[in-house]
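Mind looking over this structure? Questions follow.
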Amino acid sequence: MSTFNASANGVYLITVTPFKDNGDLDLASTDKMIDFCLESGVTGLTILGIMGEATKLTADESRQYVKQVLARVQGKVPVIVGASAPGFAAMSELTKSVMDMGADGVMVAPPPTVRTDDQISGYFDMVNETLGADVPWVLQDHPVSTTVQMSTGVVLRILKNSPNCVMLKHEDWPGLGKLSAICAAIQKGELKPTSILTGNGGGLFLPEELLRGANGAMTGFAYPEMMVEVCRAHAAGDVERAFDIFDAYLPLAKYEQQAGIGLAVRKHIFAQRGVIASAAIRKPGPKLSALDIADIERLTIRQQKKLSALN
Amino acid sequence: MSTFNASANGVYLITVTPFKDNGDLDLASTDKMIDFCLESGVTGLTILGIMGEATKLTADESRQYVKQVLARVQGKVPVIVGASAPGFAAMSELTKSVMDMGADGVMVAPPPTVRTDDQISGYFDMVNETLGADVPWVLQDHPVSTTVQMSTGVVLRILKNSPNCVMLKHEDWPGLGKLSAICAAIQKGELKPTSILTGNGGGLFLPEELLRGANGAMTGFAYPEMMVEVCRAHAAGDVERAFDIFDAYLPLAKYEQQAGIGLAVRKHIFAQRGVIASAAIRKPGPKLSALDIADIERLTIRQQKKLSALN
Amino acid sequence: MSTFNASANGVYLITVTPFKDNGDLDLASTDKMIDFCLESGVTGLTILGIMGEATKLTADESRQYVKQVLARVQGKVPVIVGASAPGFAAMSELTKSVMDMGADGVMVAPPPTVRTDDQISGYFDMVNETLGADVPWVLQDHPVSTTVQMSTGVVLRILKNSPNCVMLKHEDWPGLGKLSAICAAIQKGELKPTSILTGNGGGLFLPEELLRGANGAMTGFAYPEMMVEVCRAHAAGDVERAFDIFDAYLPLAKYEQQAGIGLAVRKHIFAQRGVIASAAIRKPGPKLSALDIADIERLTIRQQKKLSALN
Amino acid sequence: MSTFNASANGVYLITVTPFKDNGDLDLASTDKMIDFCLESGVTGLTILGIMGEATKLTADESRQYVKQVLARVQGKVPVIVGASAPGFAAMSELTKSVMDMGADGVMVAPPPTVRTDDQISGYFDMVNETLGADVPWVLQDHPVSTTVQMSTGVVLRILKNSPNCVMLKHEDWPGLGKLSAICAAIQKGELKPTSILTGNGGGLFLPEELLRGANGAMTGFAYPEMMVEVCRAHAAGDVERAFDIFDAYLPLAKYEQQAGIGLAVRKHIFAQRGVIASAAIRKPGPKLSALDIADIERLTIRQQKKLSALN
């Protein structure tokens, strides 16, 4: 059983939130998806992120969903909940609520309003104050969605000032140089041990990132087993195999990373794989066209051939 | 007693949310502030907007605050509640909750993610679906905060497609030309009657906007009586007096419109006028320096002299 | 005769670029405008900025215009040329060209691509390298147009690293606190003497900024004499008179600051005052409507009355 | 010999601009690179785009570079020159200059300031006026760099209003749906024949885009022969082979698409392949680390193995 702390590694999967065709929360599919994730070998779960359609849930539904996930996971892996919020009152309320239910920690990204180094760093001082002494948390560095550019120096500053921040979700772009610099700071003892999981482009740089010193991935993908196997091959010292596995999935992974329709692709494949009952997305959300579905089919067949050739 | 419908006019004041020095919601000051607003002659109130620190309240506090305001207003003027939300579930939840408590309508601005004419217009189709047939609402056009640029054509399209949208809060910048075009469309019968209230720069263009056909203002200012008197003078046909009153307040109004510290200025003056007990702002929020306070003092004394000269 | 160095003060006027009705560069009006500015008492001129429609000139026209201005000014006041450019080759080329013609310095703002403190500061290291040891320059801090947010710390860092940067054009918003902090750093000797001219909202905070320690204004306005007189009254210790003069012009200054049509308002008034022959703006550019012109007329008459009452 | 008109297809390669280690323009490498491109089978060239470091050249250097390219190409394929500019005077000047030298057309993207459908469409009316009746041009739709979101409707409107716009460089993201809609409009005769070349993510969706109806690619990549072969396989009806070739190059193509360091990767590989003498990039620009170079080496070896297995 893995724990959510600074030595966490492997794959923290960012899950989708299953809905029925009529738009209702699908709790049966939630159970099935959790089982699927655990069987895939993920070492953690992150829920209620952007890709979890968090903003499309009512407060009641959020609570219900978190409860369902936690009940099904039964502590087998840590569960992290997205807690970025426009205000600290809501962040505090949500955090207290999910920690009371049994979540292992929360994840926070900076709001688009902070821009300078001091503003960003000052914001996370307030986050620390808000979360308090007992909540371990993940710092999310994702400029593409937040528009906030955190220099390596600022990331280090935040991590130094945040005793309970045990993990960095690194998804700056391009990020390999930044990743190397942060890992070097840890290695040299300039920074406390911190788990570095990467999410760049839905894991599109995973094998390269592991070589730079990342401890694993935190992102979503319709084939979580790919990320698990890449991490395992890397950990076993078989770098070429890590790349071989990765390359087999790359064309579909790339297709799933299309901004705007990525979530629809992921849910479509999950539904096809029987992981969830319906690919329904709540409004506002994209719909796949027949051509999109044909693309996915072609890429899936090609992927299966490559995987067969691999094994 | 004024009603919230397409013939609304005068001043819908955007209120602050009073806190105690210790950061708690200050319900006694809320009552006092409501009384002050009603005595000032406002014809409506808008609560839980950006200037109302809405995002810094917990869900419980929001409900408590709305309840308190509605109880004190006793239906003397309409009360509108800000309902912009990152998702429709939250928008629906909040709207249902405040309408059940007795609010008169809600106000919705587009999210920063919609950019093209079709995306913007499509978004408000979903807003209409979300709010349903029974909730009258205000369309807020405020590019400075939303980054969404709605052309005159798009505003007209949304208003045409939205049977329950009875009011436009116009605060595009520069907006006089757009305002004239929208008012002309109503005059020519190309658009159903719609109340047009303006908020540009905290009312910094109020007398000019009334001349273009606006029906009044929806914004905040530490001296709501200025806006009330400007609207009354304009309605009475005394354009020069409308400008005279306005000009007396302009230097302080301008000072209060500084991005970032405006709310602190407004609460400081409200506290000094005895409208609220404390000027406290919840984090993250600005604090006035001694020099800022000296500026306000000087401008206040000068304002009083000008007002004396006027009457 | 004033010099462009760290002790510069007063009003560096940002000029418009006069065109004929047919769109050609109007050199006769250029001469007239320069004479008008000098008679108004400005202590410097800044040309080829955004409000000078710099990007709408061909390279030849730019050279011709700079030459004409310099020839007419005859060294009576310093002339600064806007040299912000998407690349250093163009910045270097333009700077060399205008300095050879006799300009006194250039002005540089950061490009929108730099975001973190280090990126911003690093950019200006390259600016220093590009401009070389002999070109005095102005640092322009204008987030509204550049989207670059420079903290006080970053501004101080750039000024410390830039031996030839003798002036800061301060137009952050809200900027009074930042202005106070920078002036304090100079006073305490933490920063070399630097001329601080302000441009906020076209000078909309000029009397307040002078009180905070600014040395004058660098901005444009159809009535430069207002800024000159405000600076003089302030320098003479008559703060109330500085505000009195300012307040008389404020309604029109505010009107001229409307984003999008401001330049059209300024050129319209200049044309009416006989400063330039035509109010023509090159495409893409705004046009005033009959209602806009009526607004300006009303505000002008009111302004004249206030000025008469003042003197 | 291919012509630049509405039936253009294949690969219009976006070239880099070669510099010597000392930063000077490298005209010998320019010749070598042109020869390499022509031998690779490209059907057109696009120069002085963002990836061509256009903004880092002086006006003289730009002219010299265009002249050198045109002299070497000798009309074997069309040469398009990037002409996006902050103002129409510069656009007109540059266009006239390069067309006089013998370029086949120019490419124009909208400036970040246009936002609404009408603003975007109106901007291109002025582009048409600026370019005049004799200059064929390419419309570049690249929201990632311009921040301008053009709906399908707006793209069609611009193409309809622009008699000399013969080509669309499609690189919206996600763009497959938009691409299908535009191709359908041409097929149905709702839009005149127009060449649609795609550039998404440096060609990361090329085989999918060809299936949607694109006529080829306009983008840069260190292995232009990949794009040429993919287009040929697709044209020959061998869709699976198009994907096979593509997949072999995808890991390196993905690596080269990293925002910020992509150009450095491309120039590094070009230098290693002997296409240019130096990988030098003018400031401001990224530098590859030893780890980056090791990544490229590994990916290159893996790519060679896959290509061997293919043939």
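Every chain is named by a letter (A, B, C and D) in the order it is written, and numbering of its residues begins at 1.
Basically, a residue touches a chain if its C-beta (ideal position, glycine included) is under 8 Å from a C-beta of that chain, and two chains touch if they have at least 3 such contacts.
Nothing here was measured: the structure is a model prediction, and the numbers come from that model.
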Subunit A omitted: connectivity of the other chains: one piece
Result of counting contacting C-beta pairs for B-D and A-D, higher pair: A-D
Same or different contact residues where subunit B meets its copy subunit A, judged by the half mark: same
Geometric centre distance via CA averages, subunit D-subunit A, whole Å: 34
Distance from subunit B to subunit A - Cα centre to Cα centre, in angstrom: 39
Whole-Å gap separating subunit B and subunit D, where each centre is the average of the chain's CA atoms: 48
Multi-chain contact sites of subunit C, meaning residues that touch two or more partners: none
Topology of the chain contact graph, where touching chains are joined (line, ring, star, complete, other): complete
Subunit B to subunit A touching residues, read off their complex: 53-59, 61, 85-90, 92-93, 122-123, 126, 282-284
Footprint of subunit A on subunit D - complex, ascending: 173-174, 176-177, 180, 204-205, 208, 211-212, 240, 243, 246-247, 250-251, 254-255, 258-262, 289, 291-292, 295, 298, 302
Touch list for subunit B against partner subunit D, complex: 115-119, 149-151, 153-154
